[in-house]
Amino acid sequence: MKANLVPIETLGPCKYDSPYLGREGSTFISDQEGVLYEVHQREITDHCEAGGLTFFELAGPRKRIFYNPKNLTCGIVTCGGLCPGLNNVIRAIVRELNEHYGVTDILGFRYGYSGLTANSKYEPLRLDADNVDEIHDQGGTILGSSRGAQDAKSIIKALLRRRVKILFTVGGDGTMKGAKAIADYKREKKLDISVVAIPKTIDNDINYVSRSFGFETAVQSSMDIIENAHAEAKGFPNGVGLVKFMGRQSGFIAAYATLASGDVNYCLIPEVPFILDGPGGFLESLKNRLKRKLHAVIVVAEGAGQELVRKPGEKAEFDPSGNIKLKDIGVYLKTEIEKYFEKIKMEVNVKYIDPSYIIRSVPANSMDSYYCLILGQCAVHAGMTGRTNMLVGSWNDHLIHVPISMATAEKKRVNPERRLWKTVMESTVQSYSMFRK
Amino acid sequence: MKANLVPIETLGPCKYDSPYLGREGSTFISDQEGVLYEVHQREITDHCEAGGLTFFELAGPRKRIFYNPKNLTCGIVTCGGLCPGLNNVIRAIVRELNEHYGVTDILGFRYGYSGLTANSKYEPLRLDADNVDEIHDQGGTILGSSRGAQDAKSIIKALLRRRVKILFTVGGDGTMKGAKAIADYKREKKLDISVVAIPKTIDNDINYVSRSFGFETAVQSSMDIIENAHAEAKGFPNGVGLVKFMGRQSGFIAAYATLASGDVNYCLIPEVPFILDGPGGFLESLKNRLKRKLHAVIVVAEGAGQELVRKPGEKAEFDPSGNIKLKDIGVYLKTEIEKYFEKIKMEVNVKYIDPSYIIRSVPANSMDSYYCLILGQCAVHAGMTGRTNMLVGSWNDHLIHVPISMATAEKKRVNPERRLWKTVMESTVQSYSMFRK
Amino acid sequence: MKANLVPIETLGPCKYDSPYLGREGSTFISDQEGVLYEVHQREITDHCEAGGLTFFELAGPRKRIFYNPKNLTCGIVTCGGLCPGLNNVIRAIVRELNEHYGVTDILGFRYGYSGLTANSKYEPLRLDADNVDEIHDQGGTILGSSRGAQDAKSIIKALLRRRVKILFTVGGDGTMKGAKAIADYKREKKLDISVVAIPKTIDNDINYVSRSFGFETAVQSSMDIIENAHAEAKGFPNGVGLVKFMGRQSGFIAAYATLASGDVNYCLIPEVPFILDGPGGFLESLKNRLKRKLHAVIVVAEGAGQELVRKPGEKAEFDPSGNIKLKDIGVYLKTEIEKYFEKIKMEVNVKYIDPSYIIRSVPANSMDSYYCLILGQCAVHAGMTGRTNMLVGSWNDHLIHVPISMATAEKKRVNPERRLWKTVMESTVQSYSMFRK
Amino acid sequence: MKANLVPIETLGPCKYDSPYLGREGSTFISDQEGVLYEVHQREITDHCEAGGLTFFELAGPRKRIFYNPKNLTCGIVTCGGLCPGLNNVIRAIVRELNEHYGVTDILGFRYGYSGLTANSKYEPLRLDADNVDEIHDQGGTILGSSRGAQDAKSIIKALLRRRVKILFTVGGDGTMKGAKAIADYKREKKLDISVVAIPKTIDNDINYVSRSFGFETAVQSSMDIIENAHAEAKGFPNGVGLVKFMGRQSGFIAAYATLASGDVNYCLIPEVPFILDGPGGFLESLKNRLKRKLHAVIVVAEGAGQELVRKPGEKAEFDPSGNIKLKDIGVYLKTEIEKYFEKIKMEVNVKYIDPSYIIRSVPANSMDSYYCLILGQCAVHAGMTGRTNMLVGSWNDHLIHVPISMATAEKKRVNPERRLWKTVMESTVQSYSMFRK
């Protein structure tokens, strides 16, 4: 059988021994160790017999490294929206570089890529093991963040001026596309600069990242808020607790929070368009439930039902990161529910909760803390070997190396035909008639 | 010196011994025990020499009671918005009646006064020590609630039909005015029905109630949310974390949460009108702070700045409880800030959080749990003696009896001339120039 | 290539259609779907070419089932120590049986196997979707639990008397061995009773269960308590915060909590024996750290260092479940530290925390809630098909079927040669000289 | 009527204007404003007619101050066990001195009085508004603490050497007696050094401090742990959840946590000696409860039942602060319960929880945060006026000045004849027969 390893771009052969070498108890990952890409039995047997199985490189420390840790300068930048665990990742990178590779020159660029341009007004922070020691107790990012891309050329100029050889970018889709642009540009210019991404997405929508950091913490906060909505719903006659969660294109937070809570009756996500009006539609179903149970809890992901909210012919608007500006499905649903029940002359008490930033600005829970630690460490190991244009992903419970282009080719989304969504359907007991086929 | 006791209405002389009598270890409150009304030294010395000092009746168990506990039926109703501790109060009333007075017939009316009318469609729940045993772990109210008054005559009719002799009403200003209407009507009709109120107001705005139940829990939730806003503010260049809290006419939640947090730079409350535009105004002050510190946290009570939001000549609208419908100061401020900074061409990143129901639907914290317990017990003690048309208040660390009309004569509000507000001014370092004189 | 499926015992061919069949949106798992057993690339390629790869059955709903849901009686029993999520598992089983298979006769046996004997004094509870609706908000188990085995024959007698056809056992190693004994006995007697286990172990020490339910919640509580220890350690000169965690034979809680916290300086687990005295030993290392940093945080799993605590020649004692009674390593370490520092005349302030039951009696966090839900559902699906003598495990992010004997053959333990422990060594910066080779 | 103000020692007449003077919006407390000492109506009327009423000075900013803020050096020291809110108090003192009085030279002495001796090896920290900005998010004290007194002469020497004029001591009984010794010594030497105490006692046992800071937070943690004990108790046949709380001489934490929780069946405190054996004793009562309910929750304060634990004729031992070393009532009770039930051949499952440091090392909750803020501010106001040998207390919801000797004359304890204990008796339904008369 043939084993195909997903290739990762590198700057060249490793010329130095790792400082781990000779240290007692050190173990290393060989470049031939891999994590199987295929998951399903049929796929595995088929591929086995055809071209062979595909493996991702296993992340972790290598015996030989590309950069000389002496006089090496590294940079870190955090981009996009806040996410639990950002400070943990920063701390893990700094400590691994500092304590284990002996790298002392580490710059924290301020406010995302906007602090990383040739003429940025924001001076980077100098980071060391001491000044990052307690940052993981706080939510947010001590570096600050921002949305939006910057010119790759200008960023390279800033990196060169400060002699940064490894840039760690923590951010989402847009950030990683930016990281790729930087990597592409510097390859063209033959510069020995590595760009290693740690994928950040509270929506959990990046491929080859089975669960993104911060996601669990976000689900925990969401579950707590559903409890509030439940209390409000039960507190008033025909009470409806309506909560809007993050999830622009992928409803993972909404789906997991629904299953974790056990108190949700309707879960609406972008991947499964729903029908508002008419027989079997959402409003009629809600009416029937209220008649039976006197209350209902509804969870809606912000990206759900956009086709309902947008007026016919209305053009989409975009934010600085190039994301479509979403229409507010929460406010829309609240209004539509109230209009419907007014029309049918039935009392309804809609309690609408838009927790927004509350969910993403908390400190990481314990599992996310652990996860951010090993993500940061593995990003450093990868960077030190001259790997570039890649991200640290997770697959079958192992951390792996993934080319940025492969991970950003498309979004990970909830598959309406698979177990997660089926379990949501069964647990909420919401009807298939409510959804478009 | 003369001691004047604030008189409390009663149905008549107490004809029965309390079941506590003869029970080992029992102690009783004499009707002559009082809690001093006056607080300030000057007042005390002045009154002492003039007409005498004024005292509130101390709440607690009495030796003699008005009702025969055998065959007595009691009712409980919870009205208005949710508040942490409602279930604790219900539990305390039921347990005190049941376990200590031997009253077994206790009705929980559903959905506020709307479950307490002659022809209500909602059947009351039968409550006993068993089925209320674990309700205090949940937020909300197991009885449900609703806004709005009902006809006193219809309520009396419902009470008579179910032979309810003591009605415990847990609710705010409107509820207590309703309770007073019932008490007045049944006095006129010479019915031996007691109405005892437990004042509920998450805004902490009822007089002779130095701290209303649920308030501490609300301040805790609010402080946590300010931490979120702080992380968001620091996370972006010129980041502004803007949080709207409850507080229709009184800014106690905003003020206490500001002081508890220590991270708030601006605190805006209904009692102290602020100036938006012009030199020394809020917007200019915010600009200066952002220039110095790159971020700011703003807390605004929902009732603040209504004179700014309302258009000239615009008529006020009212909700079913008769409260003015407030204009959304949070959204207004967000918009005005963004407009201002766009005009002066300075970047700003406003992160607006409207936690709304999240704060009021959580279970009570430990001090509120304790407080709800003794409130419920004292309400029962008062009711059993035939006291009526009164509420259980708290004054100088003691629970007291207060006539409803005295407590509802006006709202308790933050006094801009006294320590609480002065401390807010000093802690936020916000400028007096921002506020109207 | 050959695909070998790990065989699962069944009672016979499935004779009935699942009630899911014909229901809109239903999907099913084929009995041929499998999850790959092998993890490492070398293993995979080797096996591929030799006897073929091995797969576990994928858990989930099947089209055809063994039992007729009408008149079917099922039983649930929870055994051993408390663990976060027990009530979630009970709730998930009851709801899946009740709402989706239409099984209405569900018995909850009280206090572990002691409620499941022929002459038990504890009557089982009748469970339905209503009375389990809110149990997941509480820690512990509504059924109660107990340690210790019971005679398989007596249990079978109890099951027969109550006509229980599927028994769901939630418990650890001992429980599952009990479940196996029941299954073996009834196979011998040719009875059509299924025994399906949901593995419960807060120590996370069961094979083919990559993370046991409740484990994450336990790590979260542990991380919070390390924060306390950290504050105490920093609070006094030469302060030592010493915390003992659960972990009889496996140090997973200690290891994960150490990594999640980031504040731990020493992590001692059963798998890696440590040296107390002498040059390079634990005590000397602690002295050096205190001289440099003035404080230290130590985490020790209860099963660590037993060879130090036990006196030479001392015989082991056993508890009712057959587990060795551990000597208290926490108290031992506290005493040894104090003795050592007294001897070298150096001040030390040891603050010892033994959180014991605090960690295991809390409600499940969101991810554990989700996980318990799908575990319970999959256990029901498996039971309905007549599978028996098996447990629901998790492998490579999927739920699977595992024969009980395979999972209980040996304990899962922290491997000192692999990444988890290496990361602990690097993060704590504790020295290899402290540990036995 | 005569008004008697409790006199507070001062260093001399105030010679300087407060920096608040002339600042917009400033208000001041007059030295004649007082808070009434007497609480009960009878006392008030009696005293009114006899020698007059007694008032405490109201704390707060004064117009005129004793020290020139320019070149003034202040010191802060935290002593004794940890308590939630220590960092908040430090932060409040530093900010008030720094931002409002313009004092920039503030020393934080390390590790209690042991950092405040003439030849201490610990250098004090320099404190300013910046380096205390985020310390309130952490439990413990950034200064460190220690038990035990030091020679007043040596402390004065250290203060003189560093030219400290105002010393803020945050600590308990022992600390305040130390503060008094310093004040007495320096009065004798005619030095213009102020000593202002902020009373710290998690046990809430200081007179004229109606609720000490950190107490509420401790009660909250305690209530959470009672929930754990409750789950454990219900989890096993004849399960007994036994929790030991802090409370050496005063059972306030145990009493309040019992009332807040609502799940406690036995509450044992130092103030009310209990009877273990014999008819009507604790063990018999426990047996009866277990027979009826199958589980029980017991809360015991560490100082309870010492007369039972101590062997006849056994001498008391003392710790460095001069406190009696308590015998472990928790372990004693656990053993006695197990022995008793073994004797009567009844199964019992005692789950003993000793949360110890877990309760006191957490960050302050919101109300304690608020309270620490105003305590710290008022301590600064008092110190600046040259007041000395006093503490900031709280009485009838106001902060006041109290002479140290008055507050330390005796401990505040739970009065078995008053409402708090009566409410505990009623809520737990424990029997009076269990307690000594």
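For clarity, chains are labelled A, B, C and D in written order, and residue numbers in each chain start from 1.
Everything below uses one rule, namely that contacts are C-beta pairs under 8 Å (C-beta built on N, C-alpha and C of every residue); 3 or more make two chains touch, one makes a residue touch a chain.
The structure presented is a predicted model; accordingly, all values stated were derived computationally and were not measured.
Visitor: Would you indicate which option in B-C, A-D or C-D repeats the interface seen between A-B, with over half of the contact pairs matching by residue number?
Guide: Copy of the A-B interface among the listed pairs: C-D.
Visitor: Which pair wins on C-beta contacts, C-D or B-D?
Guide: So, comparing the two chain pairs, more contacts are at B-D.
Visitor: With chain centres defined as mean CA positions, report which chain is farthest from chain B.
Guide: C
Visitor: Please tell me the distance, in whole Å, between the geometric centres of chain C and chain D computed from their C-alpha atoms.
Guide: Chain centroid spacing, chain C to chain D, equals 42 Å.
Visitor: Averaging over Cα atoms per chain, report the distance between chain B and chain D in Å.
Guide: Centre separation, chain B to chain D: 29 Å.
Visitor: Got the chain D residues that touch at least 2 other chains?
Guide: Where chain D meets two or more other chains at a single residue, that happens at 138.
Visitor: Note which residues of chain B are touching chain C in the complex, please.
Guide: 134, 137-138
Visitor: Per the contact definition, I'd like the list of chain D residues that touch chain B in the complex.
Guide: 1, 3, 24-27, 32-36, 39-42, 44-45, 48-49, 53, 55, 60, 88, 91, 96, 99-100, 136, 210, 216, 219-220, 222-223, 256-257, 259-262, 365-367, 369-370, 373-374, 377, 396-398, 417-419, 422-423, 425-427, 429, 432-433
Visitor: Please name which positions on chain D make contact with chain C in the complex.
Guide: 82, 110-111, 114, 122, 138-142, 144-146, 225, 227-232, 234-237, 239, 241, 351-358, 361-362
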